[in-house]
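The two complexes that follow have subunit A in common; it is paired with subunit B in the first and with subunit C in the second.
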Partner chain A sequence: MKLLSQTLLKIASVKLAALAVLLMLGATATALAQDPRIQTSQLDALAAKASETVDVNIDESLMALTTKFLSSKDEDEKKVKELVSGLKGIYVKSFEFESEGQYTDADLESIRSQLRNPAWSRIINARSKKDGSVEVYVMHTGGQISGLAVLATELKEITVINIVGPVDLEKLTQLEGEFGIPDLGLEGSKPKRKN
Partner chain B sequence: MKKPIAISFTGLALIALIGFVPTTQAKGDDFGEVVRLIEQFYHVKHEGIPLLARAGMKTATTVARISGGPRRQIAEAGSVKVAYFEDQNFRSSGSYAAFKSSMNSVLTGWSPFIQVASPKEDAQSYIYLRDAGNKFNVMVVTIEQREACVVQVNLSPESMAKLMRNPDEMGNKITVEATTNDKE
Partner chain C sequence: MNSKQNSDADYLWDKTGEPDPEIQQLEEILGTLRYQPRPLEIPAGLHVGRERSFFRSYAAPLAIAATVAMLLLGLGLWLGLQRLQRSPQQIVKSPDTPQVQPVSSPDEKQNSAVAASTPAPEQKRIEESPRHRVNPSLLAQNSKRDRNTAVKDQQLTLKQQQEARAAKDQLMLALRVTSAKLNLAQKKAQSTNAPDLIHNQHKIG
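Coming up: the complex of A and B.
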C-alpha cells in the first residue's frame, strides 16, 4: 500500500513538473510572439546588391540616456524628450539600389511574416506605382501600443523602421528626421485600412 | 526619401592632420584592436601622425574660421585617439559583411550605433558607443577606397544625448570638435 502511494506520488510529481515546463514554454512562446522588436537580419543578404546600406541601432540603454540627458529647459529638447520618453529602442535599416529589380517581395517576406502576427495591426497601407509603398503597423499589448513598424519600399529602396515602446503614428511623424528616422512624408497620413 | 546618414570622410581625415592628437595603438584597448583588425583585414599599415602634422596647423585654422564664433566643446579635452591610413588599398570586393562582422566581434562591449556601407564608392562608416561611467566613449571608423581613419573620443552624456538626435551629423561634429579643440 505504501509502495503504491509512493508510486502515485512520483507519477503526480512528474506530471506536475511536465505541466510546469509546458506552461513555461507556452509563456515564452507568447512573449516571443509579442515582442515588438522585429528581426531584420535576414535582409542583410541584400547588402551585396545595394549601393548603400544603413543600420541605425538605438537600444534601450541609449534611449534611456537620451531621455535622461535631454534638457527640460530648452523648448526644442523638451519636446523631443517628451516624444521619446518611455521608448525602448529605435532601429532603422535601409537599402538603396542602383537599379530597379534588385529585390523582390520574397526578400521582404521575412519582415512581413513577423508583421502578420495577430499582435500587429496594419494602420496604413499606401501604395503607388510611382512612389512605392508605405505600410505602418502597431503592436498592442495589454490595451496599449508597445511597438511600431514601418516597411517602406520604392523601386530602388527599402526602409524598415522599428520603434519599441509606446509610440503612435502622430509621435512617429514628429520623430521623422530625428534619431536616424528618415522623412517618410507621413505627416497628415490617416489610417486607411485596418487588418 | 531622405538619406539618414552622411559621414564625411574628408572631415574625419582632418583629425589626422593635427599634430597635437596622439596616435594610439596600446595593446589590450579596443581602439588598438580595431586598428589591428583593419591592418590585418585589408593588409595595410596605419600612418604615423608626425608625417602628416606639417599641414595640421593650417587645416585647423581653416576649419576654425569656417565654423566661426564660439563653439561648444563636444569631445572631452585630451580624450581623442586617432589612427590614419593613407594611400593604401581598401577595395573590399564585397567583403563588407565580413568586415562588419569582424568589427562587431572586436567591439563586443560597444553598441553598434550606426553602420553604413556604400559599395559603389567602396566606402564604409561605423559609429560605436560605450557607456564609460559618467561619460561615453565614441568610436568612429571610416574607410574609403584609398584611405581610412579611426577616431575615439569621450563625450559627456549631455553631448551624447544631443548628438543622438542627429546621427547624420554625429561623425562630423565629433571630427570638427576634435580637429579644432585646443587650437584657439
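Coming up: the complex of A and C.
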C-alpha cells in the first residue's frame, strides 16, 4: 500500500513538472504570437535599389525619451504627446524607386506571413492594379487596439508601418495637415483645420 | 529369512530392528549432510537486487524542485523585463522641469550634436544606464564633486537632449507617413465600397 502511494506521488510530481513546463512554453508561445511588433529587416535589401528611403525606428525607451521632451504647454505638441503616450514603438520603412518592378511579392511575403497570424485583423484592404494597394491591420488585446500595421504598395513605392501600443486611429488619421505635420497632398485626406 | 528381512526393514524404517552394517555405513556417510538448524547468515558484501540510481531514488523531490526552479526563473525574467521597461522612463526629465544647462565650448557642442544625431546603440545603452543618471540639484550643491565628472554628466544631458530632438523629428516623420497612408487607405476603401455614391454626386452651386 505504501509502495503504491509512493509510486502515485512520483507519477503526480513528474506530471506536475511536465504540466508546469508546458504551461510556461504555452504562455511564451502565446506572448510571442500576440506580439504586435513585426520584423521588417527582410526589406533592408531594397534600400540599395531605392532612390529614397525612410527608416524610422523608435523603440519604447526612445519613445519615452521623446515623449518627455514634448512640451505640455504648447497645444500642438500636447496633442502629439497625447497621441503617442502609451505607445511602445513606431517603426516605418519606406522605399521609393526610380522605376517600376524594383520589388516583388516575394519581398513582401515575409511581412504578409507575419500579418496572417490570427491575432491580426485586416480592417482595410484596398487594391488597385493602377495605384497599388493599401492594407491596414490591427491587433486587439483586451478590447483595445494594441498594434497597427500598414502595408502600402505602389508601382514605385513600398511602405511598411508598424505601431506598437494603444493607437487612436481617428486621431492619427486627423493628424495630416495639422500643426508640425504638413499635408502631403493626398486626395481624400481630411479637410484642413479652419483657423 | 522373512523375519530377518522384516527386522532389517524395521531398522531401515524406524531403527527398531537389528542394525545392518551396510545401512549403518551409509548412515555415517550421509549423516554429515544431515539438516542442522542454525540461524541464517547473510554475507555482508552480498547485494540483493539492482542498485537504485540517484535520480530514480529522488524522482519526486527532484521534479518538485525543478518545477519550483522554473517558476522562480520565469518570475525573475518577468520582473527583470518589467524593470528594464520601466527604467528609461525614470531617467528622462521633462522639459517643463528645470534642466542643467551645460557650459561647453563650441567644439564640444558640435561634437555632441554630431554624436546625438547618429546615436550608436552602445552609447545609448551607456547613457540610459542607472549609473549615468544625472541629478541636477546634486550637481549644483556638491562643491566637492570632481569637475571632470560634472562636465561629463552635463555633456550626457546635452546628448540626451539632442537625441530627443532627433527622435522627435523622426517621430513627426513617422506620424506624417502613417497619417498619409491611413488617409490613403480610407480614401481607397471609401471609393471601393461606394463607387456609385461618388459617381452620382452632383455639384451644388
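The working rule: the second predicted complex is superposed on the first by the 158 of 195 C-alpha atoms of A that agree within 3 Å, B and C clash if a C-alpha of one lies under 4 Å from a C-alpha of the other, contacts with A are read in each partner's own complex, and residues count from 1 in each chain.
Convention: a contact is a pair of C-beta atoms (placed from the backbone, for glycine too) under 8 Å apart; a residue touches a chain by one contact, two chains touch by 3 or more.
This one's a predicted model, so the numbers in the text were calculated from it and none came from an experiment.
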Practice task
Once the structures are superposed on A, label A:53 by its partner contacts, choosing first (subunit B), second (subunit C), both or neither.
Solution key: first
Exercise for the section: Would you check which partner chain A:126 touches, where first means subunit B only, second means subunit C only, and both and neither mean what they say? Expected result: second
Exercise for the section: Return first, second, both or neither, reflecting whether A:157 touches subunit B, subunit C, both chains, or no partner chain. Expected result: first
Exercise for the section: Answer with first, second, both or neither: which of subunit B and subunit C does A:173 touch in the superposed model? Expected result: second
Exercise for the section: Decide which partner touches more residues of subunit A, taking subunit B and subunit C as the two options. Expected result: C
Practice task
Check the residue A:136 against both partner chains and state whether it touches subunit B (first), subunit C (second), both, or neither.
Solution key: second
Exercise for the section: Considering only the touch criterion stated at the top, classify A:65 as touching first (subunit B), second (subunit C), both, or neither. Expected result: both
Practice task
Could you look at A:92 and tell me whether it touches subunit B, subunit C, both or neither (first, second, both, neither)?
Solution key: both
Practice task
Please indicate which partner A:44 is in contact with in the superposed arrangement: first for subunit B, second for subunit C, both, or neither.
Solution key: first
Exercise for the section: Please identify the positions on subunit A that touch both subunit B and subunit C, taking each partner from its own complex. Expected result: 54, 56, 58, 61-62, 65-66, 68-71, 80, 92, 94, 152, 159, 180-182, 184
Fill in the blank from the handout: subunit A contacts subunit C in the complex at 6, 9-10, 13-14, 16-17, 20-21, 24, 54, 56, 58, 60-66, 68-73, 80, 83-84, 90-92, 94, 124, 126, 128, 131, 134-136, 148, 150, 152, 159, 161, 163, 169, 172-176, 180-182, 184, 186-190
Handout entry: Residues on subunit A engaged by subunit B in the complex (per definition of touch)
Key = 44, 47-48, 50-59, 61-62, 65-66, 68-71, 77, 80, 92, 94, 96, 98, 152, 154, 157, 159, 177-184
Problem - Footprint of subunit A on subunit C - complex, ascending - result: 59-60, 63-64, 66-67, 70-71, 74, 85, 88-89, 92-96, 124, 128, 160-161, 163-165, 167-168, 170-192
Exercise for the section: Within their complex, state which residues of subunit B touch subunit A. Expected result: 1-5, 94, 96-97, 111-120, 129, 131, 136, 157-158, 160-162, 164-168
